[in-house]
Amino acid sequence: MKLSVAQIAALIQADVEGDPSVEIHHLAKIEEAEHGMLSFLANPKYTPYIYTTKASAVIVSRDFVPQSPLSATLLRAEDPYRAFTRLLELAAEMLSPRKSGIEQPSHQSEDASWGEDVYLGAFSYLGKGVKLGKGVKVHPGVYIGDHCEVGDHTVLYPQVVLYPGVRVGKGCILHAGCRIGSDGFGFAPLPDGTYQKIPQTGIVVLGDGVEVGANACIDRATLGATEVKDGVKIDNLVQLAHNVEIGAHSVIAAQTGIAGSTRLGKYCMIGGQVGIVGHLRIADGVKIDAQSGVNTSISEKGLAFRGSPIQPFQRQLRSELLFRKLEEMYKRIQTLEKALEQRD
Amino acid sequence: MKLSVAQIAALIQADVEGDPSVEIHHLAKIEEAEHGMLSFLANPKYTPYIYTTKASAVIVSRDFVPQSPLSATLLRAEDPYRAFTRLLELAAEMLSPRKSGIEQPSHQSEDASWGEDVYLGAFSYLGKGVKLGKGVKVHPGVYIGDHCEVGDHTVLYPQVVLYPGVRVGKGCILHAGCRIGSDGFGFAPLPDGTYQKIPQTGIVVLGDGVEVGANACIDRATLGATEVKDGVKIDNLVQLAHNVEIGAHSVIAAQTGIAGSTRLGKYCMIGGQVGIVGHLRIADGVKIDAQSGVNTSISEKGLAFRGSPIQPFQRQLRSELLFRKLEEMYKRIQTLEKALEQRD
Amino acid sequence: MKLSVAQIAALIQADVEGDPSVEIHHLAKIEEAEHGMLSFLANPKYTPYIYTTKASAVIVSRDFVPQSPLSATLLRAEDPYRAFTRLLELAAEMLSPRKSGIEQPSHQSEDASWGEDVYLGAFSYLGKGVKLGKGVKVHPGVYIGDHCEVGDHTVLYPQVVLYPGVRVGKGCILHAGCRIGSDGFGFAPLPDGTYQKIPQTGIVVLGDGVEVGANACIDRATLGATEVKDGVKIDNLVQLAHNVEIGAHSVIAAQTGIAGSTRLGKYCMIGGQVGIVGHLRIADGVKIDAQSGVNTSISEKGLAFRGSPIQPFQRQLRSELLFRKLEEMYKRIQTLEKALEQRD
């Protein structure tokens, strides 16, 4: 699909400087763009690229003053990054047009209900008493267990599984293969060394605007609810155990695991492959670096940590530096010992 | 659903002390319970809560003597925790009533067979020669490859995949999206730096009473079998490579990975995000702490380890403590050097 | 299924030494083989086993000279390992005979197309404009989004998901539940601490001969493509973020995660549970040990690294050794301090 620069300018309220008839068929980064592509300049670090880019057009800010001649047509916008993101959104919508209607075969229990403009893909399954809001998109192969509720405009990509009783808010995005509501890992040890399963009768509640990555797992609570609050973003292959609570607008990168009953605050940033042990409280705005191991509650807000077990960020960096100097330290101790010996 | 305290007392053989007509609609922890809920008191640590809980009724032991007046009705039982667990089990059964029968569309190869009281959910697939015991629950979207065998009363949650030839015991629980029998990761390097796939012709055998978490993966053996013995509990997103053997009644927490041909003993406890390299032997009853890296066989039974690479638990804790004191150690070495220099 | 040693010899161009009528019903390792099984001897380390093995027949090299009498029939072949691998391949083919045809119900969009000899399993889904080469095997429950392309003879095991626009080369093997083309984890922070989703409009391109493990996830690019080049082998539960590039014939073990925009060279070997941060460049032939954390680009080819953060392999081993001696070092510093004090 092709659009002229003039048409694009109209979509993003930009002013054209150069040839408005140039045709654009792709969006690209300024350093990778080719002829026929549109890019943008927002971060000053990338300014040098505007003089060498092969892009046919570039979105720049209204006050950008070129220092040398440019080959690209310019689109001047209030906020070039926001304007480009808007075009990305339009492109994304064109890529996967909003589906609606019911594909067959698919399974809807007799008392399942749904709002207008839903999509129920082939081989999807709605259990008893399931309630879907309007505009919900249930892609092929999704399983929604008995009595689940899903809010308006939430998208469930192929093969998502919601176990019975799970509640998902509005405007959420659940990626392929995520499992919401599997049993918590709870077993009572018996005197003979074997284990008895502790029934997991709680649920999972996801707030509004939550995104859950592909193949991530969120276990149901033993009692009560595992809770993921509004606006939380969870990456692929993350594990949240039973009775975990994630505060609003926190982000958790891929392959991180959080053990049972831990409560994470709001606006936290958790890196990839982090492990957090159970029954902790982590304050709002805390940042945990990738591969860290958190084994203690954190009561002060907004601090950054790193390491396994964690230390304050800068202190951990210094410890790591000295870990790499252990050989030197060992030799200096030996030298000191010899020096003392020689004086005896 | 509501039950009176008198009805609940009959279910768990308890004696009522207080109003037997009080209605209960939920089970909850004693510190979180509200009006209309039932809780229990087993761990003495929680005794103070019984004087402040809003629970309408609490299960206590037969010899519990209150130190102050109580508002909750008491149910006196032999073992309060066991009695409460029994109620949880009943609640769990009510939450997901035992399904049976065959939903359509679903696929059963002409020579697949199954016992009485099975459930074959919509979009489930039974390959050639598949044999299911009685009471097996095959939830929607499950795939069972050719010649697999599944023992009595095993539950396969939605979208489990059993590759051809896999054998699963009785009374197992396989959570959504676990993959049993995928190819082991085996490739022979060729002289030009590329790889030739080594066919993985073995199988996977799960014993009785095994639980496998959501999205966990257990690879088939190159030759022979990858074996998970009776009573083993495996958490979400765990990876077991080809020819691994897990001894009976061991538990493995989420996101742990065990490389090829390693044999873990019985009654082991492996924490989350642990990595164990291939071709090791780990003795019975060994405990490995979360995020550890095991790179050596362990021949002594029942010991605890931690760290990457592992050390005996207490020793690793001391090393970690000193890691956090490296800066102090470095400065003390410098001070010593200066002191010696000044004496020269 | 049984074959005589004479029949097997014909399949692998071997010469029989001993009874050619012996019947073989299984392949096994030389140290585990029983009566009726065939094994092989390639690695001299295993030579002692040939005198004690219960195998009915063993493939040996043409120049093998036994030092004592043998009970097993010998098959003399040019390359015993290659010959055995060939039999494994034949066994694997018999285990899962090549399926073809279209099982019902399954979903093919009106303009989807496919070559000869494809298999479209029950409950599989082909979106609009999907193009499959010849001999492609789409197992039950696979979802292939709009406009995906899959090359000749590629196998998609049950419940693989290809999001729209993904391109997969020839001769690839995609294991159960892998997710190709899920959204990259990209969000722009807003002034109020919440996040705005950055549309992920790129694609994923897998080259020829790529293998992707069960439940692995490869995210689509923000713009452009996430690329996995020819011959790359990816193990179970691996995470590749948006805009990652993996050079040809690299191998990545289970549960490793690579963050956004990192480019890995050719012929690299990455161990299990490794984390690599975003925006790095890793040279060809680099080896990273299991559980390492890579936080810096590597420009020199073929080197080995270990640790989190990484150091050159041997140096990291020495640091780890001294980490375990920290207590001794601490005491020696104390001893030095006391010795100096006493001299004052």
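The first chain written gets the first letter, and so on, giving A, B and C; residue counts start at 1 in each chain.
In this section, a contact is a pair of C-beta atoms (placed from the backbone, for glycine too) under 8 Å apart; a residue touches a chain by one contact, two chains touch by 3 or more.
Since this is a predicted model, take the numbers as computed values, not measurements.
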Same-residue or different-residue interface between subunit A and subunit B, half as cut-off: different
Rotational angle, Cα trace of subunit B fitted to subunit C, multiple of 5°: 120
Whole-Å gap separating subunit A and subunit B, where each centre is the average of the chain's CA atoms: 26
Touching two or more other chains - residues of subunit C: 105, 123, 141, 159, 177, 215, 237, 255, 273, 323, 329, 333, 336, 340
Subunit B residues touching subunit C - in the complex, by the definition given at the top: 105, 107, 123, 125, 141, 143, 145-146, 159, 161, 163-165, 177, 179, 182-183, 185, 187-188, 193-201, 215, 217, 219, 222-224, 237, 239, 241, 255, 257, 259, 273, 275, 277, 293, 308-309, 311, 315, 318-319, 322-323, 325, 329, 332-333, 336, 339-340
Subunit C residues touching subunit B - in the complex, by the definition given at the top: 27-29, 32, 81, 85, 88-89, 91-92, 95-96, 103, 105, 121-123, 139-141, 157-159, 173, 175-177, 211, 213-215, 231, 233, 235-237, 249, 251, 253-255, 266-267, 272-273, 290-291, 320, 323-324, 326-327, 329-330, 333, 336-337, 340
